[in-house]
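Pasting a structure below so you can have a look.
As written, the chain order gives the labels A, B, C, D and E, with residue 1 at the start of each chain.
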Amino acid sequence: MTGQAQAGRPIKLLRNLNAKIASIPMILTALVIFVGGTFWTVFYSFTNSKLLPRLSFVGIDQYERLWAAPRWVTAIENLALYGVLSLVFSLVIGFMLAALMDQKIRFENTFRTIFLYPFALSFIVTGLVWQWVLNPDFGIQSVVRSMGWTSFTFNPLYTPEIVIYGILIAALWQGTGLVMCLMLAGLRGIDEDIWKAARVDGIPMWRTYLFIVIPMMRPVFITTIVIIASGIVKVYDLVVAQTSGGPGISSEVPAKYVYDYMFQAQNLGQGFAASTMMLVTVAIIIVPWAYLEFGGGRKRG
Amino acid sequence: MADVGTLNTTVAGIDAVAPRLGEGPSGAKPRPALSSRNIMLYGTLTIAALYYLLPLYVMVVTSLKGMPEIRLGNIFSPPMEITFEPWVKAWAEACTGLNCDGLSRGFWNSVRITVPSVIISIAIASVNGYALANWRFKGSELFFSILIIGAFIPYQVMIYPIVIILREIGIYGTLTGLVIVHSIFGMPILTLLFRNYFVSLPEELFKAARVDGAGFWQIFLKIMLPMSLPIFVVAMILQVTGIWNDFLFGVVFTRPDTYPMTVQLNNIVNSVQGVKEYNVNMAATILTGLVPLIVYFVSGRLFVRGIAAGAVKG
Amino acid sequence: MNVNSSVSNSSVSIKDLSLNFGAVSVLKDLNLDINDGEFLVLLGSSGCGKSTLLNCIAGLLDASEGQIFIKGKNVTWEEPKDRGIGMVFQSYALYPQMTVEKNLSFGLRVAKVPQAEIDKRVARASEILQIQPLLKRKPAELSGGQRQRVAIGRALVRDVDVFLFDEPLSNLDAKLRSELRVEIKRLHQSLKNTMIYVTHDQIEALTLADRIAIMKSGIIQQLDDPTTIYNRPRNLFVAGFIGSPSMNFLRGELVKSGDGIAFSANGVIFSLAAYEASETLQPGRKVVLGVRPEHIKVNENVGGEEHDATVDIEEPMGADNLLWLKHAGHTMSVRVNGARRFNVGAKVKLSFDMTVASVFDAESELRL
Amino acid sequence: TDLEVTHWWTSGGESAAVAELAKAFDATGNHWVDGAIAGSGGTARPIMISRITGGDPMGATQFNHGRQAEELVQAGLMRDLTDVATAEHWKDIIRPASLLDSCTIDGKIYCAPVNIHSWQWLWLSNAAFKKAGVEVPKNWDEFVAAAPALEKAGIIPLAVGGQPWQATGAFDVLMVAVAGKDTFNKVFKDKDAEVAAGPEIAKVFKAADDARRMAKGSNVQDWNQATNLVITGKAGGQIMGDWAQGEFALAGQKAGTDYTCLPGLGVNEIISTGGDAFYFPLLKDEEKSKAQAVLAKTLLDPKTQVAFNLKKGSLPVRGDVDLAAANDCMKKGLDILAKGNVIQGTDQLLSADSQKQKEDLFSEFFANPSMTPEDAQKRFAKIIASAD
Amino acid sequence: MNVNSSVSNSSVSIKDLSLNFGAVSVLKDLNLDINDGEFLVLLGSSGCGKSTLLNCIAGLLDASEGQIFIKGKNVTWEEPKDRGIGMVFQSYALYPQMTVEKNLSFGLRVAKVPQAEIDKRVARASEILQIQPLLKRKPAELSGGQRQRVAIGRALVRDVDVFLFDEPLSNLDAKLRSELRVEIKRLHQSLKNTMIYVTHDQIEALTLADRIAIMKSGIIQQLDDPTTIYNRPRNLFVAGFIGSPSMNFLRGELVKSGDGIAFSANGVIFSLAAYEASETLQPGRKVVLGVRPEHIKVNENVGGEEHDATVDIEEPMGADNLLWLKHAGHTMSVRVNGARRFNVGAKVKLSFDMTVASVFDAESELRL
């Protein structure tokens, strides 16, 4: 580069200085908290730290123990099941509601507010309310039974096999409103002419949605998936409030395992090993995708 | 399609006999209000709405009942006798340990935590998003990617490192510390939304302002901000909801006299004297959710608009 | 009403069509008959209701009142796909995630046309439009002109009776626009379908149309072939709208002058002896005289008096040279051969060719 | 001086008891700032530890003494109470001595025990048994035998809350009752995996299997909700520590007439001596440090001990106090204590980590009928083998 | 560096400018000197790097290599605001939340110009552009033409040396476009600022420019005044790019014919005796003959041989009539007077005006 030869070429680092200064919080957060914190966590996952972090290395003992623990395996299975179902149902329900809302309906504002309000409530509250609505002794089951259908059984929270669906119901109740809003926004961004073209081509509504509109909403889906998925990985409060991981360990989730072992069992090493596994899983899924999506000097927009 | 063509001409022949206005279809196609399409549409929406409203109904109804009535068992039946006792109790009388002033104390703590946290986290994230959209520099995309991946890290994992960092800086247990924590964890999603929003604004506006001599901050404050109301509303709603409802950080990074409302709620809901006072719990729950709910109702329309802008571009 | 004959030989026929959006009336009692195989251009400025009318014909909007016939069949309540129409949009409206081939064939596949037939039609359309090499690409990998060709192809494969174009070329740059214009013209000549073409570009209208319908606020102002529209605009609006640069308008009144009638404005007299309808003109009437830029000659007498003028601006456009002149208080545009150049400020003599001028009533704005 | 005290005593009986401590402390001219965090130790402990390690410690905090605070002490974050202890002769008055031992690390004393809790109680609803038409059982076996009758009357025989520690606790209790003190010590104190895999423990698992069957249908989470099932007669009984007594008292029920308590499940009258203790983080502020000493002293004051433990339903840590006001059950406990039929609680014997693993096992076992006692025992033995 | 002399009489001077986006090189070693007060148009098709070059001049993009001088000062690393430039964008880029007045004065307020001075300048600019009545409105309440005028005003108030326009008229409809074109021309005549104007519309380029720089893939193909560009295109690309419809190209070779040189394609011979540089032409060379549509006469001999042709398509454009003819295997466009009409299929005689034709080397594509 002929940089030096040219009059007054400023130092590269100083160009856009304000932008760089303004980004310091972000850079610090990214480097110190997310990268630093992650490395710290990974590092200490190879120790047998108990209550306090300490540097006594035990190799991969923590990981061996982790994968031998039925609770961890259950938690991972639950997360996989819950994650897939929650992602799929959030998107499907959110999209369907948005599609319905997009039919130039009356009372759109009212419906939208109704679908969205649960998002204002915390998972603690959500868990509490649904724990109650689903309680077999005075919730839906007892009400239906008291109406005469005495063999009616709907007791997800105390039935290990389906408890995760009970949690799913509450999670969807809380989160689909937001997804609907995102989807609605995406639908509103679709060129009118596309709809017209599809109608002239004689393509039925559902096929237009499925084959034309949804693929066009890729960016919206991406934002939505980032938001939903980051929530799924972190799911904790909801489970604690609704079932405390029960009955037994049947609704355990990894985040809760991490928390319990770090703080209740006072085995930081184990907790760190578990979080490292979570991070690794997330990274395997996210990193290549994020690179394609946000990194790699992709063109603007 | 030649056959269709001939078909058309034969049809034309029939029609041509007397195709005058008033015969045959004319004007708008009649669409009965109760068409099967409308029944499907509004039916589905109404059923969905009922599902979403059910828990709220249960909460409200229960909070207005007395305990004897609740023991009768039907959570869906409306209160026979409306009592506001539970609300009073939840707000001002419920005990946690030795403190019997209900949620009221936590309310103001929550306000004190939420207001600065929301403002600062949004301020930081919006500037980040703006820098990422308009002032890219080497590595900015990398930091952004890290941030997005950071969105997937469970909070619990980060508590220890953050406790240590805050301790080293010497702001552990202060409001500043908590505000920083909220800003950190709000940053990924908010930055994503802001970046997408600013990218969607015409780039030429930014260029015009630069030619006009405005710098980084002037462009941000005078050009970008006034155009960004929708996305700020979105960010505000997300942050008010998230921070107001936060329990984990509120309890780890504060002390008892500054506990937010959610900690108080947890204390009320989880510390029961024999029988759970469901009506008080429900009243407390509604009271706790009230602030975000009000924020929603006030700014719902802007929310959708803003989300649109923040999401459309990847 | 005995309109049988008029319907039977028209491809598209619109009867008393009205359309309101809420309280706003966009189309008002519109009647239009389009002949079989005709290329009709709907021309008008933005917001005048062109797209609305086109959407009504396509069945994408419900008329508030009136009827629409296509090929003699009352299609007022038909679905778009059953009307035998194909439509091409300004924004192309290609399905972005499908290849060109899929874009072309999607409608056919939905209609369960046999694969062999689909292939045949796609092959034919892509041959006509010369897009065979693009069949495997996605719209994002095409240039604007190629995209628009695919959009036309989508209508083509459906073997429709009527093509509807909604400003298909507006998104293209000038050069591509003129190229594609020729292609559309050629397409029409070979297919001989009925085509209805919406544009606000008069060059497109003039070059493409068999007949042009000029619209303003939902009302058709004039429906005629391009030459008539250009040379005998029915009213002031049409006269001003068509032609670039615009016709020069002079406000004044008719006066007697010698044996014949003349036009007087700002004290300058223009003899109208050569005007085609000069005998119908009454002295004393307030009128607007319209002369097209190419009908004013510079330093060259075509009969009648000569007028002094000064060159204000010169716009060389290659083949032509456009002069903006100051003349007795008016600004006037004059088109001369591209090889003739003038200096700004030069004094010139103008001569007006009144045989092809237009005189409009100042009040009713109609051509006299 | 203001001293912030954190604890997780928030249920009715518990907070009444805390109030006694606060009253006594305030009487010394200081001020007790209450920092209650509801939701049991699991919720509260991380918060306390974060604050201590984060450099913003409270004045005093509750822990289950034993091993929970070990590392904090080793990290030098805790105040040495030896001076107070010597001045107050804690060595002489605290009984059983193991309580103070748990507070002693490297010869220094770091905590002030305040009460003795014992897990080994079966609480029975007299009303429920009357309704089912059977005698109130006098031991575990009778209770198991009465279960079908209870079930027939629509009563859940055994109430077990959903929180994992309840199932674990119940198992430990069954172990003492069924297998006896020696086996208990071999397993938990000596970490003898062979014994844990042996026939004695198999019997315990058999009993746990019974308990599991009887507990079906108790759709509650919290222990006090479970207790409430017993209080209201919806459940026949509950295995729960002596703190449950506070709930009965608060509901106005009288031991003997309304409910019956069977220490050691009526089989082996042995109780464990776990308990709560207060730890005092090291503070820089001289004033506060002094106040800490005052608080430590106050906690073990005989009057405070009596008032607190009566409300809490637990036993005082001093043998020299007068507990005339104690009720039936408490007296039974005192008797056993006096006889020396005591064992150490699992909290003191096992690390929190091992405890947690145990909790995972037993909460699964109690909730999952398809898990055989044999499988469970195998996993139990493994946990004991790796326990520390 | 001793570049003063070459720089001193140019207003904007670009030296060896290169710019890459990642691996893609968009501008390549570009040199350009723009005189003081000159109106320079950058013309080129979409994606050729026009906007990129303009952004470099404005300082909105950092050059990878090379230097930029404005008024003799090296501004390569200056901030946009310090370069003495004003910029007008295709999409207007008005600040939507500010009134017109605020829009105009934003730059001045940022620069902390005293209020009295601001008022004066805003008043002057709004007078020049005749937007006084709009000062209190917001951009959303303006029409496209008004918006673009405000955008120009924003550059005007800043009293800059150099105006940069990036396709300022592309978003306007045809009619407005021609109106605003005249206004910009007038503005330049009265202000006499240096103006650099990007467009892909050749009509704008031809009418506005003092000189036109024609770009292709980041390289300037020809920099000359419009007449030269139109009549003596330096190479095939320029010849084909300028002129609508395009110049007609015939591929063939040079042959001897009688006393002079001639062009032969598909067996048809065109005498080049009248070609301006006929003496330099060598027989046997493979060449491309280019003739503009208006330089072919129909049924009217201008010297040289006559050729038979058939009318394929007729495009009446009002003042002109465009014919597409088939002639010895080529398609040829010919422009005739709008009043002359032909039938499709009619046989006509063509006569080529070789005095204004161009001959290009088939290989190097350069004009001979």
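What to note about this one:
Just so we're on the same page, a contact is a pair of C-beta atoms (placed from the backbone, for glycine too) under 8 Å apart; a residue touches a chain by one contact, two chains touch by 3 or more.
Which chain is which protein? Per UniProt: A = Sugar ABC transporter permease; B = Carbohydrate ABC transporter permease; C, E = Multiple sugar transport system ATP-binding protein.
Bear in mind the structure is a predicted one, so any value in this text is a computation, not a measurement.
When chain centres are defined as mean Cα coordinates, D lies farthest from chain C.
Contact counts per chain pair peak at A-B. With centres defined as mean CA coordinates, chain E is found 90 Å away from chain D. Chain C and chain D, compared by their mean Cα positions, are separated by 92 Å.
Put simply, the C-alpha centre of chain B and that of chain C have 51 angstrom between them. Touching two or more other chains at once are residues 159, 266, 269 of chain B.
Among the residues of chain D, those in touch with two or more other chains are 46, 53.
Counting partner chains per residue, chain A has residues 15, 137, 259, 262, 297 touching two or more of them. Across the complex, chain D meets chain A through its residues 41-42, 45-46, 49, 53, 68-72, 75, 162-164, 219, 221, 351-353, 355-357, 360, 363-368, 379, 386. Chain contact summary for the complex, chain E toward chain C: residues 45-46, 173-175, 178, 181-182, 185-186, 189, 200-203, 206-208, 226-227, 230, 241-245, 292-294, 313, 315-320, 322, 324, 335, 338, 341, 344. If you check the complex, the residues on chain A that touch chain C are 191, 193-194, 196-204, 207, 211-212, 215-216. Per the touch definition, chain E reaches chain B in the complex via residues 55, 58-60, 79-81, 85-87, 89-91, 93-97, 106-107, 110-111, 151, 154, 158. Taken together, the chain C residues at the contact with chain B in this complex read 1, 3-4, 7-8, 15-16, 62-67, 69, 71-74, 76-77, 84, 158-159, 161.
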